[in-house]
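For reference, the structure I am asking about is given below.
Going by the order they are written in, the chains are A, B, C and D; count residues from 1 in each one.
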């Protein structure tokens, strides 16, 4: 069994879901996503046994394009993240009913197919194709099943689509240019190139545009909050939980190894950009009135830190970034689900219209609290492991980076606790708030369990990703 | 034959037909009456035919003259279609002024 | 050559059928006939030869494009029945005209002699004039016909003038000889003039800026099926011919020439895309999108020596998605007096399949992956960057970003708006054509080599 | 010493926590209380066992590698040595007492089970903090206790002011924690380990490490300590933290958590010894804190606020000692302080309990008949904290002052310390007089219900009172058991014994006299003249400034909190909008062009042809120019 099986499962899943009809679609989708997760686990074991699970085959002879999927530890980690989150996301949506749900769930599964492909592809063009493919489902999900006024939604979503597409098209040019140089799109060939530093600079920039928009780093983040707010929560989870990890992953996988000189030369700029995102995002989040927007800005702050870590070009930075990616993926999904749970009860996302929920729903409160604490990186949660490593790597570059980036633990605590206080605490709310149902509880518990387990024992993931990160580092340092 | 060309020179034929052609063009540009426009186009085509003939002589080669027949035939067919369209326009709009054809724009 | 004869014969056959009252049989027979023609083309593809002392030269290039034309014509004819259902009496004429047009098209790509080229282009144009004006009682259709006719014949004049100069310079209409001499001897000044005049004429046919003004009006005015024909078949024919012409006339274009092409292609892309943004009439919008695509296709001329295959790919992808899109438009705008975008509101609910197909074809035109359109652009960019014109590619990319704007206007209308009336039942043929076309398009995306290798 | 024992020691409170969380509601209040208390008592017993047969050598237990940094691994492990055992002793000991106390104190609260759950969780994290084998393990406990204090301060979450106080506590701690983290980073990158034992050896061996960086690391860590131990400038959260139930104030905000800073500095004494400059800073900060807090405490009317500020000031004294390098003295004071301050808080709790939640001393008085045990115990504790011979406080505080006196020729620190302790004596007895003497000033029906608290409350009081009486015995000048016990921890030869010479006696005398003076003033003012502190409105002049805590909160609010919120508004309202406008702008421009372009396509054939011809001409001319002139 190799990685193609995984993709095939997901693709089949998408179609099966569509043709299973509205009634069965959710279950089928869940089934297939779980199968995919199982598949990913099998792949992992295969990989640990040292079996070959990569797949490569000439696809187009001229220009030379391979259908090449390569699963090293890093890719596997991200695939595991994707395939683990997809079932949770699907399951979390069981509380809602969507019109024309067969299409809805089919799109979700298809998206997870595309994203897994993005993580696995080792041929530049294949990667680009998956990258773009993953954009279409979320576009439709946000457009059709989103909430709020249709016109505004349209504006937000179209802006998002065009914006991201714009970025990635420049990446395409960069790829084609590299192809001219290397004669193939295979990452192994691209990273072997000896590009002049100016070439590297331009290529780096082309990539950067694509990734900075996707991640998003300031000042390219303007699409984010609105889309998160307008999209259905499932879409938001997909976006925040997995999709923006695609950008970060690509930074590590493609941008840095292909154009390391530029990365080194302008390291401070990009780290600074990331940290600016941390501070800016946190401060903006402080006064948000809309829960989902607040979460959007908070995740912007977090990814800013992750990006900064990645751009340090140190093993710790990269490792911390990956760990934090995974951790953030889970915690953000959990938090958005919390938002959804509240919305199911109160039909609002305005923080001002909530409050005094705690007295009515102890279970929900504790889970929410734990998620909040995880997102402010309380030690013994997974996020702490990532954040600590990243901040450490920053401190190795320059202590000031660590201090500025570290403000996230202050500001983060500030806005998250403020949010928690205004939503949950205070005089008991007049409106009834039923405590979490079994399904909701289950989804949250799974997330929380993951966060704590890897918070206390991150070793497996570390050992999984470290070797591939070391390879990437050697590629990065090949010029000196 | 050659002496004519020797006396006059191919360039003059070219200039002549170019001038004729331009007259045709200006006709097309500045006249609004469809019929006149057609005629201007005919002038253009005939200018070209003239040049064909001239070149054919110049090269001592019959192809050019044969080509003239092609182009005349084609032109005839074209104008036939054109007139047909013109007729239906006249039926629908009661005018043959091309300046009035402004329903489609923007 | 046999193809050409077969096609013409097919045309005549249609007319005969009308006389013999086999009206029902016309469309099936023609389609079958065309498929047979396809077979002939394949034979021609394998055995390139020339006929009638180089009047017609059947090469791989010509036969590939002939095949493409034939396929497109099959689609067009398949669509005809339901389109012309209210004047069945004339159906044979319409079909026949289309067939003759195809003949003209074939002549254009397989000419070996400027005379043939000229005749081909005229046959094509004249049939188009008729088709454009074919809706006699509709003022718009008349106007479209008239405008197209005026400008078209003006353009033919230019082309003819060009041919004349070439003849003057070379003393022959035979392409082979001209090619030879154009390389060797040092040329009289008329020759480049001739070439440029012909080229300009072809620019007009593919509606490149600034010779594009006719396109939106004519596309909008003519009957939708004719618009389909123009935006798919005719555009492809024109660009293919231009390509062949330039390869034949002077294989290595001078810098001045290259500059002109660059300017015109960038201008076409930009004008086409930007103008399309604010159109409400779908046909008009697609006209402008066609203009921008013309710009893209012109980019192939920048690396003319080796970009044949990418041209084939691009045209195929483009025309297939065009057919699919127009099939849907035909269905939606059936029994509607206009083709405003508002007609598409809520198509996603009324008829998900059609909506999906239209969306897919638009995405393909916009160049989103797995659809052939993406690969078309990719290969094109690849060629052009290889030839060293990065600027053009960047312009192209910016344009494709703009283009998303209006392609998505349509998609949004379909999915984000409420339907304004009940769904009409779809004629089976529209479904069939749309589905087949889009499937071909996607298949092309998954296996690009199939087409790419035709001209290896 | 086997791992399981330590694990039990650690996990017993955690199990108690789990029980109370999941089964607490069903189990009923008594069970909750018993389980909660027992789970801590178990740990206490184990601690006693460890204490009894502790080896001289520190015991390190590494469970597994937790986080890997490129240059070193951070293990998930524990370190059992004298220091941790000592801390464990009074954490778990006082912890169990306070649990016991809470059973009765919180009995009327419907969320008693969660209260005990939080307390257990706190104990669990505190133990983790104390026995962590490396800085990061310590950090787990460090943040964990912060969390618990957040949860417990905001225990009555329906009152948003309490929630604000809780939030404030958490965030101010977080500010400190950032410092702590930075310190960890620097230490890690300097010495490639965070493990205490190996850190100590490396530091002692390390020669080529820049003193500057060590100083920075020490400073950063100290900032962490100021956050947790409520020193200047991060002390303001502690008084607000009194929003929590009184047992919490006793356990977390007096006895245990706030001493974490001192614990950390003592743990890392070898590091701080290498940064004398930082030690000076610590000493100064400590002294200033002691003074400032004491002055504020002079005029507070809320009984718990007084105790809170007294805690801050006492902690200040401890840091003073640390700054002077007299770690064992600081530890000594930590322990004695834990005794009498816990006792005082519990006593005040008993008073508040008796008065049904009244905390304003102006509405108390004459309680010594009503609640004698409370009175006696609190009196003892107050004498202890005031530093009256021979109670515990006398010895510890005296040691500090001696150290300050002997430390250098500059006696400023000593002076400040002494003044602070005089003030301490004053406000403590102000508290005593106002609360227990004269006639009752509360409402009639309060007076009607006045009663001594039940035995579950009084027993811990009595025990603590006894401890604060005799606690000084562990480190009498001359032959100090404590110093010997702690000796192996310290790199420098244990702080030289005070040979009881004349100066020492003189100093003791001064201290005692000072204390007596303080008590005397209080006596004069509040017992003889029987003055009641005036209403908030009427307070004027200096005392107004003191009463308003030097307006520090207001200053912080206007300097940090408000600006950040303003900034947030600014960003949200304008920056965000303009940024997205920038992106939308491009689209708008193209659309505008399109609209203009539509005008060009005006439908007139003439114009179209004209454009055509122009095109032809342009192209031809261009070609000609190319042909002939280039």
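Note that contacts are C-beta pairs under 8 Å (C-beta built on N, C-alpha and C of every residue); 3 or more make two chains touch, one makes a residue touch a chain.
If you're wondering where the values come from, they're calculated on a predicted model, not measured in any experiment.
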Chain pair with the higher count of C-beta pairs in contact (C-D, A-D): A-D
Central chain (distance from its CA mean to the mean of all protein CA atoms): A
Centre-of-Cα separation between chain D and chain A, whole angstrom: 37
Separation of chain A from chain B, taking each centre as the mean of its C-alpha atoms, in whole Å: 67
Distance from chain D to chain C - Cα centre to Cα centre, in angstrom: 78
Chain B and chain D, separation of their C-alpha mean positions in angstrom: 99
Junction residues of chain B, two or more chains touched: 28, 98, 101, 103-106
Two or more partner chains touched - positions in chain A: 162
Residues of chain C engaged with two or more neighbouring chains: 146-147, 150, 154, 216-217, 405
Touching pairs - complete list by chain label: A-C, A-D, B-C, B-D, C-D
Interfacial residue positions of chain C with respect to chain A in the complex: 348, 352, 363, 368-370, 374, 378-379, 381-382, 385-386, 390, 393-394, 397, 400-401, 404-405, 408, 412, 415-417, 448-449, 452-453
Chain C-facing residues of chain A, complex: 60-63, 103, 125, 128-129, 132-133, 136, 140, 143-144, 150, 153-154, 158, 161-162, 165-166, 169-170, 172-173, 176-177, 179-180
Residue ranges of chain D in contact with chain B within the complex: 598, 601-606, 609-610, 613
Complex interface listing, chain D residues touching chain A: 21, 64-70, 76, 114, 136, 139-140, 142-144, 147, 150, 154, 157-158, 160, 163-164, 167, 170-171, 174-175, 177-178, 181-182, 185-186, 188-189, 216, 564-565, 567-569, 571-572, 576, 579-580, 582-584, 587
Chain B to chain D touching residues, read off their complex: 25, 28-30, 32, 98-99, 101-106
